[in-house]
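In what follows, chain A forms one complex with chain B and a second complex with chain C.
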Partner chain A sequence: MQKITRDLLVEKAVSLLENGTVDMVLGWKKGEFDYDITPAVFADADSLKDFVFDDFCGANFSKYLISNTKKTASKVLVFLKPCDTYSFNQLLTEHRFDREKVYAVGIPCDGMVDIHKIRAISGEGIAKIECGEKITVSTIYDETVNIEKADVLAERCVTCKSKKHVAYDELLGEDGEVLESARFDEVEKLESMTADERFEFWQGELSRCIRCNACRDVCPACTCEKCVFDNPASPVENKAAANSFEEKMFHIIRAFHVAGRCTDCGECSRVCPQHIPLHLLNRKFIKDIDNFYGEYQAGEEVGSRAPLVNYTTEDLEPGEAVEGR
Partner chain B sequence: MQVNERKPLIVAFCCNWCSYAGADLAGNNRLSYPADVKIIKVPCSCRVNPMFILRAFQRGADGVILCGCHPGDCHYTSGNYYTRRRMALLFSMLDYLGIEKERTRVEWVSAAEGAKFAATMNDFAQTVAALGENKRLEDLRCKK
Partner chain C sequence: MQRIGVFVCWCGSNIAGTVDVQAVSEALKNEPGVVFSANYQYMCSQAGQNMIIDAVKEHNLTGIVVCSCSPRMHEATFRKTAATAGLNPYMVEIANIREQCSWVHKDMLTGTEKAIILGKAAVAKVNLNTPLVAGETPVTKRALVIGGGIAGIQTALDIAEAGFPVDIVETKPTIGGKMAQLDKTFPTLDCAACILTPKMVDVAQNENIRIFSYSEVTEVKGFVGNFDVTVKKKARYVNEDICTGCGACVEKCPMKKVPNEFNLGMDNRSAIYIPFAQAVPKVATIDPNHCNMLKNGRCGVCSKVCAAGAIDYKQQDEYIQEKYGAIVVATGFNPISMDKFDEYAYNQSKDVITSLEFERLTNAAGPTAGKLLRPSDLKHPHTIVFVQCVGSRCASCAEKGKEYCSKICCMYTAKHAMLTRDKYPDTEVYVFYIDVRTPGKSFDEFYRRAVEEYGVHYIKGMVGKVFPEGDKLKVQASDLLNNKQLHIDADLVVLAAAIEPDKSARPLATMLTASMDTNDFFTEAHPKLRPVESPTAGVFLSGTCQGPKDIPETVSQASAAAAKVVSLLVKDKLKGNPCVASSDELMCNGCSSCERVCPYGAITYEDKEFRMPNRTVAIRRVAKVNPAVCQGCGCCTVVCPSGAMDLRGFANRQIIAEVDAICK
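Right after this comes the complex of A and B.
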């Protein structure tokens, strides 16, 4: 596999800017720390000096295309990891941006890492992190810790569903395959618990939610210009949940609104500052949809009909749903 | 039989074209069903957004039932097919969160099925009464 490096991506971006194919580049730049890489828009070759690409580049840029394709005079260059391409297709299916305004470069991915897992090994006081075969962490206490990348992979990468790009104009390196993923294992574990245990588990998880709405804001399936959670006339307007009912309301409805359209890109769980396993809600819907209505992967194909806007006359009855899974 | 038995509050969403008419027929035929079943008329079963169900629980319902035309008979052709998928997923999700699945139900009741309407409500009210008060989806601010 060709190693995808920062320089390779910058070289590509510069050449596309210079030959006029694109006038805008979506990429990553350093935030406050080495590990908080943030999405950025680069307008010229000069600004690309700040471009970063390493193992912290989890951010999926598909959603950013909605606003940026409206600003470009030619095309926007976007780098897409395999998982990002599913979101890209899903947004196209929903007519959320103009495909003609995008130049998509697929980049192979060997997984992103999770800073929280790194910190659990290195301890607090991280001063510098170098990515590579091994992750090297230097701390403010002058310690150096070497960590295997495999031990600190982000949860969504541990259960990666596909290394195959489903959309691109150009691919750097070699494409991978759709994987056999163990992504439903944890859902199954929960299903096998008793209702009381499940209730307790979710009560514990959801009560940590601070309603920052980051999970919604980052989600490529949550693209409503007016979100139900911003409606002041609703009982769940944009504010911290007042009690456990509101927590559950928010989480059930958020997950429901993306059911059938969620590509399982993993962004919601990645950005949650409270480490709430939102993927366990999304994957429950995905798993049920697969079981009830046949396997369906959102974003695999542009134009496919999402399961909740579809039906057959033979569908199972709601009363059979819990038994039918 | 227990004295002072708490009567469960049931919210029944009924579509205008079949189930609401079915409820009417039950009334005309003087069939009895619990007075604690509060009917909310909706144009079609698919008008019921998952949030309606949760809101009913929030406002104090102990059970929520959704009634519509039989599959194939929806006044709008296919509304209830969408209802069927949505509610299957919603109910399964509620169960996944540990909320008693018996508190939610979907039943297809035609305009001619007054007897089925009454029987369904009696049965559902009994099931919900056996579960007791809704605690897992309650909002204390809405309690009287």
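Right after this comes the complex of A and C.
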């Protein structure tokens, strides 16, 4: 398999910029720290010197296409990992950007790493991280730790659902397969709890929420022109912070709003500064939809009718759904 | 701020018996916006309505809450009252403290508490109500009748008589339905064909009626006054306009071994066939499953003998689109399958038959030319056992039967028994029954005659088992009145099979968005006061699709449905429902979710220019609702992630305000 490197991607970007296919590149650049990689827009070949690509480049660029395709008369180059392509298709299903204005390059992915797992091994004070065969961490205490990538893979990569790209104009390297994933194991654990235990679990997790809105801002399904939580005319606007029970409502309402549209890309949990496992809420919905209406993967095809916005005479009746639990 | 008046109804003792109405009107006085609160014995009466009108004027009310029965009962009444008082009718909210409160509570304390809470919710909603104005839509002056049995025929004739065009869609090659298969009809014993076929001819000759036979409805769009319907005319491989119904093709067709469905498979027909002599339209139909020409191209006899040249082996299904103002469902019934009733040996012996098969055996146009001969050996049966309630009133055997009473079996069994004894006095006739139910004009007299004058042995008790032995059918039964076990050697056993709605009814109900009960009978808008209307506006019910009925009842209901259709079609315009969805285009994402869930196809999208900061313009895809098509079901408001889609009169804010008032 062709190894995807930073230089390969930059070379691709430069050639597409130079032959006029695109006039804008969505990519990653370094933030404050090595592990603090942020999405960036590159307008010319020169600026691509800041382009980085390593095991921290988890950000899903599909959502960025909504605003950036409006800014160009030409095309936007976007690099998409397999999981990103599902969000890409879902946004196309919802008519959120113009496909003609995108040049999508699929890039194979062998998983991204989770800085919190690295820190748990290396300890605090990380000064430098080098991604390679192994992940080499140097600390400000002059210690160097070598870590196996497999030990620090992000949760969503450990339970990766697909290495297959469902959308691209051009694919670098070889495409993978849809995987048998154990992503519902955690959901099953929650389901096996009593109602009280489960309430306590979510109370514990969600009470840490500081309402920074990072999950909403990063979520490729949260693309409303105006979010209901920002709209004073909406009846839920003041429902999310009134008391210790209602503070959970933000996440529950959000999970309902993305139900059937969430591709399980895992960005919500990746960006949460409070480490709330938000993806579990969405996965519970996905699992229920699979159970009740047959397997459905949002974003697998453009224009597919998600079970929740489709009616067939075979649909199960509300009573059956409760029994089928 | 609204000025709200609260009016609490006693409904005689219906509400006041379990709800302290005085306490309710006192408690609601203190709710935000309420400036007047009173209670009265019958709010819907003239005096009650005047009380509301006077209060509106005296207290300058802007909104009204009536705590009374279900809004399905009197919402329209109180909206009219509000309009008389000069208020917008949509400033009225009903708090249902009868069906959802006084009737379900036994205890005054809890009943009163709940009534107050429901009243508070209604007040909270009225505080957010806005005046709404209904639009108008034109009415297409044509009716569609689905089903060409006696119900559909009568409805179509009555509508046509009033001067409106009607189309009948019938799945079979002929109209006539089940009644065409019957022999005589109770309680007057006139022959079914003699009274039905003239009506069928009337239908064929009526200039206002078109018959789509061998056809089915495949798609229904639109709404009351403006339905768009697609009818599939199945290929019958015979040009209907040219065929004269001479029957030469039927006679010459070499493929004569096709079970004849009109005689319930008790004899055979040819592959090209006319169901019966008086069929309307009298046109031949080729059965593609049995025609050799259609199956393998080897035959073509019918084409050669047809003098009119009507045979067309290349005919295709045809789809016809038509607009209608009203739709009448008259899809009828079928006897249930006897496959699961092994105890009666229906599948083991040809001499165990259903009552409908018995009708064919005694019908002059039937397989035995009207002679009562048993199917196995064509001998005259000397002992006949009739079993009532096979699959009817069968609460304990829901997996094979029906819980309800099929209503017609007692009477037709009395008829069968009486006619048998009349024509063949040497025949012993036994009828096993749970009860004999004969409410109807001249019905009980009819049944008494069967017992007293014709000597039919009516035995209260059920048949436990029937099994063939030699050329007899051994019948084991219990006689409950004499507390005896009976063993009868019968020659023929006739099962009064329960009836069930036709299988086409369920998918049709889905297309029409008309509701059904658990037995797949169509639900009426009100069981007593609106029995021929479906809750879906513009859809009417005729005959057994709504529940088991005999012919007199079916015909009455068919005419009633026609009267309702006519009173709709005479209107030039219909006032729409202003409680429809609308989209706030500034918030709409154009995601198409609402369009996908809309059952009425009321939502479309358009690309719209929006002024953005710095004198720029953005083009966004936004949803648009056609208010004439929208029925206000609210599905779109539920799927809309941004809350751009909202329902007038049932806005998200109003609903949440109600919930908040209840949970406070």
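Convention: the second predicted complex is superposed on the first by the 305 of 325 C-alpha atoms of A that agree within 3 Å, B and C clash if a C-alpha of one lies under 4 Å from a C-alpha of the other, contacts with A are read in each partner's own complex, and residues count from 1 in each chain.
In this section, a contact is a pair of C-beta atoms (placed from the backbone, for glycine too) under 8 Å apart; a residue touches a chain by one contact, two chains touch by 3 or more.
None of the values given here were measured: they were computed from a predicted structure.
Novice: Contacts for A:228 in the overlay, against chain B (first) and chain C (second): which applies, first, second, both or neither?
Specialist: A:228 sits against chain B and chain C alike.
Novice: With both complexes overlaid on chain A, does A:308 touch chain B (first), chain C (second), both or neither?
Specialist: In the superposition, A:308 contacts both chain B and chain C.
Novice: After the superposition on A, what does A:70 contact: first (chain B), second (chain C), both or neither?
Specialist: A:70: touches chain C, not chain B.
Novice: Which partner does A:37 contact after superposing on A: first (chain B), second (chain C), both, neither?
Specialist: Neither partner.
Novice: Quick check on the superposed pair: does A:317 touch chain B, chain C, both, or neither? Answer first, second, both or neither.
Specialist: Touch partner of A:317: chain B, not chain C.
Novice: Which partner chains sit in contact with A:284 here, chain B, chain C, both or neither? Use first/second/both/neither.
Specialist: Touch partner of A:284: chain B, not chain C.
Novice: Who contacts more of chain A, chain B or chain C?
Specialist: B
Novice: Touch test for A:166: chain B only (first), chain C only (second), both, or neither?
Specialist: The answer is neither, since A:166 touches no partner chain.
Novice: Regarding the shared-chain residue A:13, is it in contact with chain B (first), chain C (second), both, or neither?
Specialist: A:13 sits against neither chain B nor chain C.
Novice: Indicate the residue numbers of chain A shared between its chain B interface and its chain C interface, in ascending order.
Specialist: Looking at chain A, the two contact sets intersect at 228, 235, 308-311, 313.
Novice: Can you check the complex and tell me which residues of chain A touch chain B?
Specialist: Going by the criterion above, the answer is residues 190-191, 195-203, 228, 235, 242-243, 245-246, 248-249, 252-253, 255-256, 259, 281, 284-285, 288-289, 292-293, 307-313, 315-322, 324-325.
Novice: Report the residues of chain A in contact with chain C in the complex, numbered from low to high.
Specialist: 70, 93-96, 221, 223-228, 231, 233-236, 239, 257-258, 261, 305, 308-311, 313
Novice: List the residues on chain B that touch chain A in their complex, please.
Specialist: Going by the criterion above, the answer is residues 50-51, 54-55, 57-58, 71-72, 78, 81-82, 84-101, 104-106, 136-141.
Novice: Which bits of chain C are touching chain A when the two form their complex?
Specialist: It is residues 506-507, 510, 586-593, 596-597, 599, 605, 618, 620-621, 639, 641-644, 652-653, 655-657 of chain C that touch chain A.
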